[in-house]
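In order of appearance the chains are A, B, C, D, E and F, and numbering begins at 1 in each one.
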Amino acid sequence: MFHTTLFLFALLFSCTSHAADFCVGDLKGPETPSGYTCKPPANVTVDDFVFSGLAKGGNTTNIISAAVTPAFLAQFPGLNGLGISLARLDLAPGGVIPFHTHPAANEVLLVTQGSICAGFVSSSANTVYLKTLKKGDVMIFPQGLLHFQINAGGSIAIASVTFSSPNPGLQITDFALFANDLPTELIAKTTFLDPATIKKLKGVLGGTN
Amino acid sequence: MFHTTLFLFALLFSCTSHAADFCVGDLKGPETPSGYTCKPPANVTVDDFVFSGLAKGGNTTNIISAAVTPAFLAQFPGLNGLGISLARLDLAPGGVIPFHTHPAANEVLLVTQGSICAGFVSSSANTVYLKTLKKGDVMIFPQGLLHFQINAGGSIAIASVTFSSPNPGLQITDFALFANDLPTELIAKTTFLDPATIKKLKGVLGGTN
Amino acid sequence: MFHTTLFLFALLFSCTSHAADFCVGDLKGPETPSGYTCKPPANVTVDDFVFSGLAKGGNTTNIISAAVTPAFLAQFPGLNGLGISLARLDLAPGGVIPFHTHPAANEVLLVTQGSICAGFVSSSANTVYLKTLKKGDVMIFPQGLLHFQINAGGSIAIASVTFSSPNPGLQITDFALFANDLPTELIAKTTFLDPATIKKLKGVLGGTN
Amino acid sequence: MFHTTLFLFALLFSCTSHAADFCVGDLKGPETPSGYTCKPPANVTVDDFVFSGLAKGGNTTNIISAAVTPAFLAQFPGLNGLGISLARLDLAPGGVIPFHTHPAANEVLLVTQGSICAGFVSSSANTVYLKTLKKGDVMIFPQGLLHFQINAGGSIAIASVTFSSPNPGLQITDFALFANDLPTELIAKTTFLDPATIKKLKGVLGGTN
Amino acid sequence: MFHTTLFLFALLFSCTSHAADFCVGDLKGPETPSGYTCKPPANVTVDDFVFSGLAKGGNTTNIISAAVTPAFLAQFPGLNGLGISLARLDLAPGGVIPFHTHPAANEVLLVTQGSICAGFVSSSANTVYLKTLKKGDVMIFPQGLLHFQINAGGSIAIASVTFSSPNPGLQITDFALFANDLPTELIAKTTFLDPATIKKLKGVLGGTN
Amino acid sequence: MFHTTLFLFALLFSCTSHAADFCVGDLKGPETPSGYTCKPPANVTVDDFVFSGLAKGGNTTNIISAAVTPAFLAQFPGLNGLGISLARLDLAPGGVIPFHTHPAANEVLLVTQGSICAGFVSSSANTVYLKTLKKGDVMIFPQGLLHFQINAGGSIAIASVTFSSPNPGLQITDFALFANDLPTELIAKTTFLDPATIKKLKGVLGGTN
């Protein structure tokens, strides 16, 4: 009887707070400003909280000799509503992640292999914050500020990156400017670049107009 | 080949963060405490981010000689989740926006034509903060505090108003008290006004009981 | 005509901000990180904002001689999105709420009858904050910290408890450790308790393995 | 040695997170938008988390036969940064808390003695939500909306009130309008009340002009 | 006596919530992640809530034929903690605000004179959202995304801009890249621009290295 | 002249938003609920954003054969206000991080070497979420829930851990219960453990009473 009473006591609490703990995203459901609707708690298993996609780096045989492998909300729905996400950065020798911003998140980068030269520019005085990071070093890139990473050594460099949002976004300046149909004359007016340079970069990056 | 590799690289990023940038509200979908569900990003066009309803002022031939034209979430679903909204205020000569509050937002008012006498009352010591504003002046009305605006000149006054919420709410004290079926005796008890005054205002404002 | 104009003016405002005021949860709809979808405002009545379930205490004839009666989001959907919830605590003589945490909320407890010995432990230095509370005393239990309540008198003690979240969660340490199928050897390794003690508590609390 | 090692281990953790747990307000220090600066954790005792000021009701021999006894940030600095506060409401027979708002908080009221007629008005359609509450009933008053409480019985009524902010504010409409130096003609213009009524209420409530 | 009692009642409330209403920033005091420390409420006057600096546009006789006049936290300390700020945009004929981002705020732009061609680029698929806005049109620029504004007519264009933060930041891409001491070779590696182009822009914008 | 004008233009923007970008914490200054006061931006260098303390693991020759090396706000003041922090976890063979919670943060763990058996318990139904993680696997531990990590292999295991708060806190259940002066009888009443077991653990963990 002692046993039963406590068990009922446990049941009482169970039903009162059934989804306070987490809200695994249902990517097929509607999205809201706070994230996706929650997968029914009864269907949630430990695998909703585990992600194995960062074990291997992406393919770095491309023009920037680099790859970003995300564990954002779209890949890892367990992050829904949790204010955090991750990515893996692989930089082959000579590899570079061009100037970019994350519109909605602070970034923290931890070098796990090799060395990386990284920098960001403040908005207030265009001050450059530049550092060559060794294995084990951590660097902060505040939200929305332009920053880059370059392999600073002769061998592959790898970093583990974390963001203060499940969906940090990623806007690479070159792609935003040159990989779409924004008219060359508009780009010229708004960047001080000359049309020839713009057209050349559009050609490289797949832009038109 | 150079071109293709980069293009694929761009695609990689595209699908990883497909809705980090915005969440245009689907007003027909369900609402949540954080706002409406998002319109599918593929259906979003620039017109979801543009609103033309503030170009003309509302009709001011009414008892208060004033009109408020909102660009709130319900009119401008692109504001969903963005923490901001707007309105246009037109005050004909003699026009007045009676004492009111916005339950869920701070307000910033910019006079764009004419002059406006505006004020708010603090909750702490009932202190009055009162100012006659000229064209180009900006005034803050902190969240939830009673405030008003009156045309301070002989010609029409116009203001552009912004709120720190996509859905600021608007509670005009007179309407809240006298434009519904709240029993006269209850109003009398809770406002110190006498029943005759209450009944007169109920008559004017459409209230019953 | 005077009357009509104002009435139309009121209608104008009505439709602009139709759900700024509240978002009563529709417990049958989907949940999101910010809460449940809103019940249509037109279907909302005063009863959505009133809850009578705290009038009577729960049954305290159990092993802990105590009962917690919640008014959380699941019981009181009007709290959806409001950042607050309540519970009633009944402690028969000798009653105790064992060590527990609320993963997502600060707690404030007001003794309304009898006296209660309560305490919490800080995470930083394992400091104990301990107090015997009389009727009318209020005590804060900061978010996520282990705490307990014990009836400190010879008669029933009652408290009114409030949380800074509509869904504060409740994790009783004993139940989390011993009322499920977590293998005894894992518990032994992670708690320093010996297997015999663990198995005994599993027996009492309904755990297996 | 076994003992010592663990003890050192504990020390390690202690110093790493020394103030994550709470931030008791130093009311003599500067205030910020997020609250007061924190009292040094080493000076914090359990008494910073305990408040006894709600044990007795305020004096109700006044014009409204009512008293509000607050446990807000200013009285109870342990609430600093916690998103919650309390108050005690005493309503003698005939007592009333006139129409008022809390500019920055949702309110939840629990009747602990007697019965109370309470109501609020929505901003959207001026809808009245009205209920007579018995002992044990809870009612929600959403943020910023006009509401009131009246003793609905023949004996004293008491309520325990909680807010979703440590500093909810309290703006009683009558005091905001009539208990200061706001000129009568401005009040007339912004409330539709006639000057005689205004002057009478100013006389009662201590207003001038 | 009636008068006195109520007056005391008012005093009671006054002291309980003395700074819930606002927190005007003391720009000489320390700053925190939530904003500046508050100016003592007793020293606050209506002028802390009023700003006249947007009445006149800035000087547009510069290389971009444009001027931005901010009413951010630094210019208008009354905005401290309020989640909102403003700016005035003046574009002479041919004027342009080059590609830029606001790292920490959504933007809403209202054209008050002339016409403006504006656009932003999404981070997800580098989609361009482009529109020519007439007087009275409003356009949203979501947080952190690259955007620009160009005078689309033959006469001066003016816009009133609002941000969802008292301190939105402003990072003009050209200035971030070329107006500091970031080495040319690093810029070349991280932008795909050739060194000659970079050096030319550094020359124009005051950069070195 | 062209050069000078633009340069002045840059200066204009510089001074308008001088601290929007970041708020490096001044650990000697006062703390607030939102974090420490900001170091003057002019004194900030890139080293405020770089931390090298995670390069080496802590000493694991202790009773749990494990070490946690934090990069929390106290060690890495650049994290102030950024909503993120890190730690390094070293588990020698047989190593274990006992059951614990982080009162104020979600956790994401990435195994960088070896293999780790990790688990957490939900508050709602005491459900156990248990997984053996290989190198490259990521696991989520939602805020405030009890969880543990055990070395699951025969060699050292290392993990990189991130939290959704600059100051996540860490409450190890055993230390909270047995490493202080909480009286044995109170522990017995609130944990169902017998006094002999409690006294033994107090002896091991340095507790008294």
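Here is the rule we use: contacts are C-beta pairs under 8 Å (C-beta built on N, C-alpha and C of every residue); 3 or more make two chains touch, one makes a residue touch a chain.
All values reported here derive from a predicted model rather than from experimental measurement.
The chain with its CA mean position farthest from that of chain A is D. Interface residue usage between chain A and chain F, two copies of one sequence, is largely shared: over half of the residue numbers at the contact are used by both copies. Seen from the C-alpha centroid of chain C, the farthest chain centroid is that of E. Comparing chain pairs E-F and B-E, the larger number of C-beta contacts belongs to B-E.
Inter-chain centre distance (chain A to chain B, centres taken as mean C-alpha positions): 35 Å.
Averaged C-alpha coordinates put the centre of chain C at 21 Å from the centre of chain D. Distance between chain centres (mean CA atoms), chain C to chain E: 42 Å. In chain F, the positions touching at least two other chains are 10, 13, 15, 17-21, 30, 32-34, 103-104, 123-124, 126, 130, 142-143, 145, 169-170, 175, 179, 204-205. Taken together, the touching pairs give a contact graph of some other shape, not a line, ring, star or complete one. Of all possible chain pairings, those that touch are A-B, A-C, A-E, A-F, B-C, B-D, B-E, C-D, C-F, D-E, D-F, E-F. Contacts from chain F toward chain C in the complex involve residues 96-99, 101-104, 117, 119, 121, 123-124, 126-128, 130, 142-146, 148, 150, 169-171, 173-177, 179-182, 186, 189-194, 197, 201, 204-205. The touching residues of chain C, when paired with chain D in their complex, are 10, 13-15, 17-22, 41, 45-47, 49-52, 54-56, 71, 76, 78-79, 82-84, 86, 106, 108, 110, 112, 120, 122-126, 129-131, 133-143, 145, 160, 162-164.
Residue ranges on chain A touching chain C, taken from their complex, read 2-3, 5-10, 12-13, 15-21, 23, 26, 29-30, 32-38, 80-81. For chain A in complex with chain B, the touching residues are 30-34, 58, 61-64, 68, 70, 72, 74-75, 103-104, 165, 167-170, 172, 175, 179, 203-206.
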